[in-house]
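Each chain gets a letter, A, B, C and D, in the order it is written, and its residues are counted from 1.
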Amino acid sequence: MAERINRDTRGVYIIAATPFTDQGDIDHDSLRRLVDFYIGHGVTGLTILGMMGEANKMTGDERRAVIDTVLARTGDLPVVVGVSDAGLANLTDLASYAMDEGAAGVMVAPSAGPAREDRIEVYFHAVCEALGPEVPVCFQDFPLATGLPVSPALIRRLSQERDQIVMLKHEDWPGLTKITQLRKQEEAPGVARLSILCGNGGLYLPQELQRGADGAMTGFAYPEALVQTVALHHAGRVDEAEDLFDRYIPILRHEQQPGFGLAVRKYVLMKRGAIASAATRAPGPKMSAIDAAETDRLMARLEARLKG
Amino acid sequence: MAERINRDTRGVYIIAATPFTDQGDIDHDSLRRLVDFYIGHGVTGLTILGMMGEANKMTGDERRAVIDTVLARTGDLPVVVGVSDAGLANLTDLASYAMDEGAAGVMVAPSAGPAREDRIEVYFHAVCEALGPEVPVCFQDFPLATGLPVSPALIRRLSQERDQIVMLKHEDWPGLTKITQLRKQEEAPGVARLSILCGNGGLYLPQELQRGADGAMTGFAYPEALVQTVALHHAGRVDEAEDLFDRYIPILRHEQQPGFGLAVRKYVLMKRGAIASAATRAPGPKMSAIDAAETDRLMARLEARLKG
Amino acid sequence: MAERINRDTRGVYIIAATPFTDQGDIDHDSLRRLVDFYIGHGVTGLTILGMMGEANKMTGDERRAVIDTVLARTGDLPVVVGVSDAGLANLTDLASYAMDEGAAGVMVAPSAGPAREDRIEVYFHAVCEALGPEVPVCFQDFPLATGLPVSPALIRRLSQERDQIVMLKHEDWPGLTKITQLRKQEEAPGVARLSILCGNGGLYLPQELQRGADGAMTGFAYPEALVQTVALHHAGRVDEAEDLFDRYIPILRHEQQPGFGLAVRKYVLMKRGAIASAATRAPGPKMSAIDAAETDRLMARLEARLKG
Amino acid sequence: MAERINRDTRGVYIIAATPFTDQGDIDHDSLRRLVDFYIGHGVTGLTILGMMGEANKMTGDERRAVIDTVLARTGDLPVVVGVSDAGLANLTDLASYAMDEGAAGVMVAPSAGPAREDRIEVYFHAVCEALGPEVPVCFQDFPLATGLPVSPALIRRLSQERDQIVMLKHEDWPGLTKITQLRKQEEAPGVARLSILCGNGGLYLPQELQRGADGAMTGFAYPEALVQTVALHHAGRVDEAEDLFDRYIPILRHEQQPGFGLAVRKYVLMKRGAIASAATRAPGPKMSAIDAAETDRLMARLEARLKG
């Protein structure tokens, strides 16, 4: 069984897409193929059932089936499971299922309910109470999607008071200073380190690493770019890391279109042979012919650049 | 079996709370008692699994169980079922189940996904396609909760193009002019009437009726106030309707606190004997001792006023 | 010169409308008449250039002229001046002008710029630095308008660290528990009392007083209702205060329509002879004939109730 | 005097920053130097007093002074003036002043007041009425900043009904499909062409041009990159345009951090000698030492890439 996430976790946890057939059913064959694709590109771990995994459009049974398929395939590779839910009982049930199956931890975003920092604080304590202290939690800080901005002080307070909050999925935007502030806090005595993996498409990954982040947790359809950037950076080859990364920026920024980017991402994964269909589940973004041609062009330009 | 909702539907469709035990399970005994309570107070119909029914914190199975319990109890009384969901397939599945069980129609709010009027339009066409033309739809227009304001022109266009969109749950705020605009549109030839039932706690019900609304669709814990106000108004006794209504305003406005009001509502329902526990499902608002005393006071004042 | 606001200030600070001519110019004659109207109804103080005073649609010179006219008329009556502005220099300049003219303090809302509690905190410290320690500040907490919810803990922290933050304009919604929390904090040693005046149209004024608020700061067009409610409450005649208040609720809740309510308020002030024209400045809400008739009806019903 | 903007305007209208001294005063010397810098890099026109120009933190007199300084320096070069304001009279006054001084048109964003497409429509008609038909208008469509998403259908309707709405500042995100939709609309008979200049930092400029945009209206601190990209594209050298652009993406995406990016932009302008101080007006973002070092690094990497 895989190691659980902890305060020293680093590397690339790829946010896994969920493949659907053109009819909207979960395509488990493609899901297995996709897991192999991610593993083949050297990721450190997987994060499934996140926002980009379209979990909110699935039934509970479907989410469980996705967990089954992925965990049957990943072996020693750690898998974080997104369990955010409007209901605390649903959240806990899914978390228990995932942990029993061997997940490495769960990811929770502040719910739409609480709209003030003191309410978010109460909410996360309730989540930890309900999960029990053994379940490692990754705090997903994504104000652009949740509408709930959170101060670094609150993240730190929660992480200090709850041993199980070991990781931050950092996707505030702009968020570089937040990393610096969080790392500075850790210089004080008695402050426990927090693993920081960066999301938000990876658009500022080199800068985030230079500020002290531990890696990436995002779903870019070229996971090798994330893996190599993080590896080079951790090997002290900071400039090479950024040189490599910069070659991918044009298509990465294209994937980083809120709401629509998922369609691009799935299209690229399909073109790369990782999944059978680029379909998102309804209601979801769809690629037009012109969107597809535009993405083809960006892929071709990337290929030429990598060869050149 | 109950009649389906249509463009001439009027009266009071009470938004039903979902009773939970203190442990967070659905309390079906209380649910049956609550249905009897609503019927005993003369409501025209019920709306279940709406936002105030905490549907988003239930599993699919639980929602189906609520439908079963309610529809086994309501007989000829029409029941509208809230089916809003981030996923279109989940929405459709629940709608089919409800209609098969004898529901009078379904209620759908614009999903958080689409954030522009053209996207909301596309979304509702997709919903109607997926439901099939036989399922009557109530459009829930509640920008304070959805974050998605909608022009009267769009509501009308959808209602003209889709015969099945027969009803508006009106809870824009301020929204009195919207009713006037919608009714004015219907003076043009070829424009089909829309049933308009008002939500938003009922805070402006007399004014809404005077503007041309057909009744109420909200969950005030004194349903008799809504029933009598609407009945008096429809009997042409407009002043009496408003006199009656005004006596309830102090407690009605207390129930009309966004997010927190549901706790007050359930507390009043419990005190009135309609349900066993005032608990909301986590994460949900909770009454403190001071909250309870405050509501007790408002209930006592109402009682005194009604007697006086 | 009037006394400045302080941590023990109580009573009714009426939010003054700004009268305009039908051509959109500031009507200083009406402004003087309006000040007399407010004073005649027994208010404790005035708050000018707030959101409902349409300050954001005026030039700097116009704001100064409003300050001049009002302060020339109010004598010993304290006047709080709203100085919120996107720019700190503009804010400070207006505040200096107002204080030099004899204002009792200034009111500041979190600016649209900072969107996280730590940023709001930094912002208020910068405001206090720029104002200097002698200028008393009223913190306007109005998330429905600013989009910036604030925890009671942050309000307290600012009020503890900055002696000059002496007053809270409370208009969070729901916000009753917030008052209880703030008053509970003051039971701890070393915590300075905060004057709490309630806005938000006054919809929950009796409850707010019962929770420990010191009075009202809102612009209801029947200021006598606020004045008498607060006076009766402070005289220990709590039930009478609420009885009196409840008679005004139907029209008060009509004035309490976000965005549109200002048009109703000015219309009522005009009908009561306090100002010459009900016009708001463009772009602003306008009363249609049906809106006017509806408000006339509510006014007549109130009059009948007060006589009855 | 410069030509006014019209439906066929193309090229690069650079969004001009407003230079301040470290004390927060407008630095007119730097403003003149900055205009020369922009002109020297070949821009087609200037847009002043936009959001990134910090206009909302200036007094009316200061805005007029900026107009004076810029228009005294630009000669034949067209200058668009941002005039968005909460008050319609202030908007109109500034627009009149600007047009009298020789501006090429004005830019208006939907105001925070109206929150529904029908209200935005009414608002823009009121703006056009107030401006008079001779003033060319650029519609700024920037939902991330205004909170007001707008359908392409509404933009088109306004542009058809008001001859003076000749240009769209396109900064919806994602927004590529919007360009395609707007251009497709123009294939119908009787539909007037709209000039489309793209903002949003320029992050997708090559794609936007390929979709039919006419150029850029954004404030990237390397205006030569925008100028050359647009020129190459318009010369039919589409691949070269994108090759050139891609070299700038790493630093462009760094400048494209909402709220904070303005500090980066001004820092780069200062380092390039275009302005004396990187200060923004309070409350505004500030560069820390680490922010500065990070930007230095990105500038150095760009320089190396351009040489390489």
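Throughout what follows, a residue touches a chain if its C-beta (ideal position, glycine included) is under 8 Å from a C-beta of that chain, and two chains touch if they have at least 3 such contacts.
Being a predicted model, the structure only gives us computed values, none of them experimental.
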{"item": "Farthest chain (mean CA position) relative to subunit C", "value": "A"}
{"item": "CA centroid of subunit A to CA centroid of subunit D, Å", "value": "34"}
{"item": "Averaged-CA centre spacing for the pair subunit D and subunit B, given as whole angstrom", "value": "45"}
{"item": "Interchain centroid distance [CA atoms averaged], subunit C/subunit D, Å", "value": "37"}
{"item": "Overlap residues in subunit A, where contacts from two or more other chains coincide", "value": "259"}
{"item": "Chain contact topology (line, ring, star, complete or other)", "value": "complete"}
{"item": "Contact footprint of subunit D on subunit B as seen in their complex", "value": "115-118, 143, 149-154"}
{"item": "Residues of subunit C defined as touching subunit B within the complex", "value": "173-174, 176-177, 180, 203-204, 207, 210-211, 242, 246, 249-250, 253-254, 257-261, 288, 290-291, 294, 301"}
{"item": "Subunit D to subunit C touching residues, read off their complex", "value": "24, 54, 56-60, 85-90, 111, 113-114, 123, 126, 130, 259, 281-284"}
